[in-house]
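Letters are used for the chains, namely A, B, C, D, E and F, taken in the order the chains are written, and counting of residues starts over at 1 for each.
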Amino acid sequence: MELVYVICVGVLTFSGIFLCLRGRTFPVVVGLTMLGYAVNMFLFSSGRLHLNGAAVLGKAEQYADPLPQALVLTAIVIGFAMIAFVVILSMRARADLGSDFVDGREPPDTSKMIDKKRGQA
Amino acid sequence: MNDMFEIVISVLLVIGGIFIFVGSLGLARLQDFYTRLHAPTKATTVGLGSVLLASMIYTYATEGYITVNVLLITLFLVITAPVVAHILAKVAMHHQVKMIPRTRNREMVKLARKQLPPTATTGVEEDGRLP
Amino acid sequence: MIEHLPILPIIVPMVGGLFMLLPPFSGVERYNNRRVFAFILAVSQLLIALWMLQTVTQGPAMMYAVGNWQPPFGIILFADPLSAMLVTLNSFLGLGIILYAFAGEDRAGRYFHPLIQFQILGINGAFLTNDLFNLFVFFEVLLIASYSLLIHAGQKQRIESAVHYVILNLIGSSIFLFALGTMYGALGTLNIADMALKISSLNESNRLLAHIGGAMLLVVFGLKSAMLPLQFWLPKTYAAAPAPVAALFAIMTKVGIYCIFRVYTVIYGEQAGELADVIVPYIWPIAIATITVGTIGALSNPSLRGMAGNLVIVSIGTLLLAFALRTPEATAAAFYYLIHSTLATAVLFLVADMIGLQRGKAVDRFVVTRKLRNQVFLGICFFITAMAVAGLPPFSGFLGKLVVLQAAVTNNEKALVYASLLISSLVTIVAFSRAGTTIFMRHSPTKDVSDSPGISRWQFVGTLFLLGAIPMLSLAGASILSLTEQAASQLHNVQNIIEIMGLARGEP
Amino acid sequence: MLDFAVIFVGIVLAISLLLNVYRLFLGPNASDRLLALDTMYINSIALILVYGMHSSTTLYFEAALLIAMLGFVSSVAFAKYLLRGDIIE
Amino acid sequence: MSLFTVVALLLIGALVPLLTERFGRAINTLCTMIAPAIGFIYVCSLIDNVTSGERIVEYIEWIPLVGLTLSMHLDGLALMFALLILGIGLLIILYASYYLSDKEAVGRFYSYLILFMTAMLSIVLSNNVLQMWMAWEVTSISSFLLISYWGQKSESRKGARMALTITGAGGLALLAGLLLIGQVVGSYELSVILASGDLLTHHNLYPVMLILVLLGAFTKSAQFPFHFWLPHAMAAPTPVSAYLHSATMVKAGIFLMARFYPVLAGTDMWFLIVTSAGLITLLLGAYVALFKHDLKGLLAYSTISHLGLITLLLGLDTKLAAVAALFHIMNHAVFKASLFMAAGIIDHESGTRDMRKLNGLWRFMPYTATLAMVAAASMAGVPLFNGFLSKEMFLAETLHQHAFGFLSWMIPVLATLAGIFSVAYSMRFIHDVFFNGDPIDLPKTPHEPPRFMKVPIEILVVLCIAVGIFPAFMVGDFLATAALSVLRVEELPYYSLSIWHGFNLPLLMSAIAIVGGLIVYAYRNHLYRFQSQFMETDAKHIFEGAVQRIVNNASRLYAMFDTGSLQRYVAALLTFTIILIAQPLFGFQNAFSIERMQPISGIEITAAVIMCLAAIATVVFHRQRLMALIAISVVGLIVSVSFARLSAPDLALTQLSVEVATVILLMLALFFLPKKTPSESAPSRVVRDLGIAAALGGLVATINYIFITQPLASISEFYLANSKTGGGGTNAVNVILVDFRGLDTLGEILVLGIAALGIFKLMARIKLAMPTTDVRGRPWSTDRHPVILSMISQGLLPLALLVSFYIFLRGHNLPGGGFIAGLITSIAIIQQYIAHGVEWVKPRIKVDYQNFIAFGVLIAAFTGIASWGFGYPFMTTWFDYFDIPVIGEIELASALIFDLGVYLTVVGSTLLILAHLGKLSTPERPKVES
Amino acid sequence: MSKFLPMPFHTVSLLIVWLMLNNSLSPGHILLGMVLGVVIPLVCQPLRIPQPKFKRPMKLFSYALLVLIDVIKANIEVALLVLGPSSRINPGFVAIPLDLQEALPITMLASTVTMTPGTVSAELSSDKKFIYVHVLNMPEDEQEVVDFIKTRYEANIKEIFEC
């Protein structure tokens, strides 16, 4: 179980990170959400994996570690707030800047940009 | 646990399992969206109902009390599943998804997607392409 | 009330900020109510902070068990001279920028005052908590408040920089959680002092995990403090933010620095056995690279606020350098420098804002344009601030730089510290002289200044309030340095924290 | 016998989920994918309930109930998106 | 009265001119002179004490921790400088009052000048090297302000910046040197340092300290190769040139060398460096001065040359050389200040400083011409004037040198050569300006200046003559005391201050210089022609060009480094993370253990496979955004189910409800954002990103595996043990949330609330174009609110509220709680929005969500504060059980109120976000997107 | 009655659901369920669209039973169709004219049609006079389907609402 679990965490991290590296806001937001899943699973597993051990007194013989669960709950809520913010922010950016590129403008030709923008500073 | 209970539960579980499987199989192997739509909305719901019933009886058999609350899940699904199917059908008609050629009354979709009665003659022309 | 002091810097802005969302204070037309309330809140916070500072410098550090759950189980707030000092600094800065914002920035968009309170709350919380996960929560509070303040009265530039800032910090928060998972997975606790206690007796695997956790935390704190290579967000963000917000942001980077000092002195301190000072070897090159890049940026940036942002990066590099020295003396020096650089850069952002407002479309860019309307006042403010930031006497920057320089002991340390600080100082001087001569001396005579806005009363008050601190920091240098020295020596005395928390219980 | 039934349902559910995923990825229409997602929600409810029986606990009931409720909202939102674009208009 | 009072008085005096400016120039000038005058008189009153061997010391503690004290002393050297600073300063103020035009705001000028005077005086009076350094830097800054006084002119700004840069750089080097010295000696008190004997010269850091200190001195005193800033400082008003850039500030470097003479000099290194720099500067300055057509340019290079001379003297290996150096400091200050002031008068009265135009001024201003001639003669080293005496001593000392070994004979030869040029340029200053035919195209007709403008020159010229004729009487004691304090010996070697020492080699050298100088001047045109073959180099352009190039390169470097691309930033962040966390992993082999393993079944593997497939599908299909969204929903679903499976029902519930809210949000974004991502990443970029992602994914999985397979010794037992007894609930997770770690939850809902406020801010005045067709160009369906959906949704609302209440109530003891309940309520209401539309729902729910948020968090916070009333810390919870007839035992807990706060915040926040988001598109739909 | 229980049907249903949720018949829960049954409909009141009342609620149960049996019976049929060769399936659309006029009854009918195997209600014409149904396996005579739905389900629903 542990091995399968960490592989899942690894794959989620991989997907999340790859999407975070994209150039448009939507995939980045999706990537952040995905990364959030990976993070939550990772943090959750710091209390180790338990089957049939929900930390409700009297409902199991051996309880899972409740602390990481509580931490993950907090992390989920905060993550939700943050994702919500970044979603609306990317809509706002698209509205104000006219592009959904993360830099607010279409990717420029790098070599040109250096000369044009900074040359006469 | 009582043998009687065990048999009932097992049978219910197996039936449920079969229906769930049929639903998903139908989803996977039927040929167009409209026919696929039939399988999961009904078979899966029924299958799930069967499993829920098994679960309820199981709790009664092991704990000694009836957990009617699982029935609520069925109630919920019975209320919602048709809506989902209905609205997905709307989506499919709106998107003019392909249907198998032998479907009868295919042209009805043209009217239906515009929410026109079958008696209507206007409003079809501008977008009269058959799906 | 005195026993509740450590929680007050969190509760007061929280409750105050929330009250400002309610009918007596909310709504466009009730801005005056909000202002009066915000002012009262800021003053009372400053008084509370000073009271706390006095309490913990005269007596022992204060431990506050939230929910009455004792360490290591509950969340513990810990007010030692370091925390109290930084809370005071934050409250002081908060008061100044609130006054400045009365000039009109607070009416340019919704929720300005509540958000400022929440931002202050988050920063205070980060300074006060002794719990690693709670630190994460306060980080998020201060971050979300900063996101919202950054886009205050939205402008293209703000939105654009906010996208970068928010996304980078979201990734940073994820890394923080990875770090927390790793740390809990290895140590089974969240209390910083408890971690310090447990870290020395780990088995090989857990030691490896604690090492990795520490490295991850460095990324988190580094991103917050804008150390290289995580500094990219800063110049643009600070340049885009509304001026009072940028001024308040000046302390946000210092939260990262504070955490570096706290975490790596307490958890990975001398008592940590093999893990003692495990990240210090990374810090040296990072610090020097940070100073270098900040300096290059300050020299090349074509606007005053962009330059100021890069100077913030330089100050971060300097603080990291002081951290890398790892002696209580160096830590004390760093804290003095931290206070100075926070206030000096904050004022610089305000001054840049006032300058920008009077220069029409040129704003604060280094181009020839109309003359400033309040040339003299702005000139004096700019001059003092520039001298302070560049580290020229007699202002605080000089003293800050001096103490850091003096903290280098070995020849190698001296070579690195002297070279990087002095060269960056020189470049800063050059940059400021170019900026100053362009802004204050070159003007096109054809342009009319009559439509430039004058400096409002509140801008004047807010700026002078913060500016006044700069000479005071050097005049009262002796007492402030003795305070930072006390803060540093208590920080380095890890055993003391463990004892105050009552964690020592016979463990080795 | 009961064990056999539970294992049987488990296997059936696993295959069903894989079949759902097959339809989800292959589409070909957005409506097909949505239908597959909705079916997955329902199959997950079954899965959770079977787990509940397997581990003799009623703690999973709320999760199942929530999937039923929220899966519906989610499917409807997706469908509304496909129909109208703006789901809250 | 004390030294401190003098400095403090001057500091206050810097404000006087600003305050008295409006009373007119005369009163302004007089008032400005009060403070320096008092200072001057006070210092004069101490002359006797000092010359009789007393050393006045004053001390105030400032920042003992860093060794910074306000420590002042007055010894011979300081006395000499103090008198120069204050005395010449007074004359300059008087002179400036006439020099500056009536239209100019002279208050600021005076203020800077007094500021400079204060700083300069502090340098010479300092008995603490750090304090001295502070003052040193302030002189650089006030010099910057004075040079840029006419800041509208480009050359003023550039000259000021150059001076600041060079002297600033030197100042920083000096600081480093002083810190090293202070740390070696163990004190920053000058008296301690000077008493440290050979400690410094024998220290292994001596070369470093020496070079750093000399860098400070050389830059300030314009020694080669740092001399170039001084001519450009001449852009300053002439009084400034006279005062700062000839008489005082540039002498600060000399002063520094003299100060540290006892502890740093005496080594080969010192002699080699100082002598060479001095000699080159001496020659270079003298030579270049001849070719300057600008009066002030000539004087500037002459100053450089004389500073070189003094430096050379300090570098020479005899004590008498040091005496000569001190003597020449005085003399140079006197004659050069008067020459500058004379040049200023010429400029002022004729409108130009170009010697090619200025001719025959004798006719117009004979009196000024006379004064200038006396001063120039002194500069040339003509007998009977003070310059001759110190130059004679200088020439005498050059004869006894061994510093250059076999080449030491070059020193007197080159010194004589410099003397020749010195005579030649002095000659030019007189002849070319006051004689040599008629003026050419002068902007004004010259005449004598106002009476009092000449007074400062007169006083100085009188001094030139008096010292020149009666040296011993005028400055004998004075010089001796200064020399004693520099050399720090009991007794000075013998020397004689008199005009006539008999026929000797130095006299011959003087004679050669004078005759040679006259000849050179006579044949100057040949020299000019020779010199004109070489390109004229302007240090200002070179320097500015260099700075500009550095800035440009910095910009280019910075732009290469920081392209403004978030993708690069993220890649940097992640790469940095990878490096940091991978490094410790290398070298560990035994990190894995397999002590604990949970069994796994086929269904779990299936779930894992589906999750991984969906995750990878999100990556593969990320350009088809809807597909990505569906795939990530699958991931979220499986994560929730996994939490349920792994004994975390609370997590499963929370994840599920958050998941739906997130997907709804993303769908809204999907509508307003483009539906597809164009394929624009270069393959190399994709490979790089895949690499980063794979590395990080692998590392995370590895780390996770390391701890997941190990036993955990954690603090959790405590929570399980105290959950019921201490927290009053059986659901340990919930009790942790609302009690053990309630502060986290309070912070968490605050974050949610703030996020909602921030989002609300973001939505203000947002202008989004509505796409009129979907991704394939199909128009939207016309059925906005399908009837069947509306019907069912309406029926579900009460049911959902009931479930939400159920979840809320049981949270403390069973999975559930305020947060999940809040989300269920919100989603149920959102469902109404989806089914009926904003226009329909909004007028029916008259609730201010903002108040919901505020009340929610306030309720939670006040639940915490309430415990203060019972004498407990914040958030100490309370609970009790009550037996109520019929109903039975119920539990009341403060945690429930806290959870109510959570519930309200969640409802308020999600609805504030989602319901208002719907508004974006409703009332005024910005139409078609092009 | 209506003063204390403004919406008795809702109150009772919510009470029942509440007791089901809690698996309990304890007096406390009954009391709480009653309170919720009154409060929640009041809270939801503004969001309600007035609907025809269930005139014969008892009829509802027999109708539910009828549908349940149909569902189970026909599900087996569909299962066989799905498992068998797909060439046996002859799908088609059919439009069913409606006698019902109001939204709630129509919704009930549409849901029933969908729940019962072999038919999915795909669209409702905007004049609410026709409902389009997709039939999985269309008999030769389309009218069979129409008649079956109209007589077996629509008629029943009409009775329930007495319209």
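In this section, a residue touches a chain if its C-beta (ideal position, glycine included) is under 8 Å from a C-beta of that chain, and two chains touch if they have at least 3 such contacts.
Being a predicted model, the structure only gives us computed values, none of them experimental.
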Work out which chains are contact partners of both chain D and chain F. B, E
Distance in touch steps, counted as few as possible, from chain C out to chain F: 2
Would you say B-F or A-C is joined by more C-beta pairs in contact? B-F
Among all chains, which one's averaged Cα position is nearest the averaged Cα position of every protein chain shown? C
Could you pull out the chain whose C-alpha mean position is farthest off from that of chain F? E
Maximum distance between Cα centroids and chain D occurs for chain E
With chain centres taken as the means of their Cα atoms, state the distance from chain D to chain E in Å. 61
Centre-to-centre distance between chain E and chain C (centres being mean Cα positions), rounded to whole Å: 17
The distance between the C-alpha centres of chain A and chain F, rounded to whole Å, is 42
Take the average of all CA coordinates in chain A, do the same for chain E, and state the distance between these two points in whole angstrom. 37
Multi-chain contacts only, two chains or more: what residues does chain A have there? 20, 25, 38, 40, 42, 44-47, 51-52, 54, 56, 60, 67, 71, 74, 78-79, 81-83, 85, 89-90, 92, 96, 102-103, 118, 121
Residues of chain C touching at least two other chains: 133, 137, 140, 144, 147-148, 151, 154, 163-164, 167, 171, 178, 181-182, 184-185, 190, 300-301
Can you list the chain B residues in contact with two or more other chains? 18, 25, 37, 45, 67, 69, 72, 76, 79-83, 86-87, 90, 92, 94-95, 113, 115
All pairs of touching chains, each written as two labels joined by a dash: A-C, A-D, A-E, B-D, B-E, B-F, C-E, D-E, E-F
In their complex, what parts of chain F are in touch with chain B? 17, 19-23, 71-72, 75, 78-79, 82-83, 86, 89-95, 110-118, 120-127, 129-130, 132, 134, 136, 138, 142
In the complex formed with chain E, which residues of chain C make contact? 3-4, 7, 11, 14-15, 18-19, 21-23, 26, 64-69, 72-75, 109-111, 114-115, 118, 121, 125, 133-134, 137-138, 140-141, 144-145, 147-148, 151-152, 154, 163-164, 167-168, 171-172, 175, 178, 181-182, 184-186, 188-190, 194, 204-206, 208-209, 211-212, 215-216, 218-219, 222-223, 229-230, 232-233, 236, 282, 293, 296-297, 299-301, 387, 392-394, 398-399, 402-403, 405-406, 411, 414, 418, 422-423, 425-426, 429-430, 433-434, 437, 440-443, 477-478, 481-482, 485
In the complex, the residues of chain B that touch chain E are 76, 79-80, 82-83, 86-87, 90, 94-95, 113-115
Which positions of chain E touch chain C when the two form their complex? 61-68, 130, 133-135, 137-138, 141, 144, 148, 151-152, 156-157, 160-161, 164-165, 168-169, 172-173, 175-176, 179-180, 183, 205, 547, 550-552, 554-555, 557-558, 561-562, 564, 566, 568-570, 572-577, 580-581, 583-585, 588, 590-593, 700, 703-704, 706-708, 710, 712-716, 718-719, 726, 739-744, 746-748, 750-751, 754-755, 757-758, 760-762, 764-765, 850-851, 853-855, 857-858, 861-862, 864-865, 867-868, 872-877
Residue ranges of chain D touching chain B (in the complex, touch as defined): 1-2, 4-6, 8-9, 12-13, 15-17, 19-20, 22-23, 29-32, 34-36, 38-39, 42-43, 45-46, 49-50, 52-53, 56, 58, 61, 64-65, 68-69, 72, 75-76, 79-80, 82-83
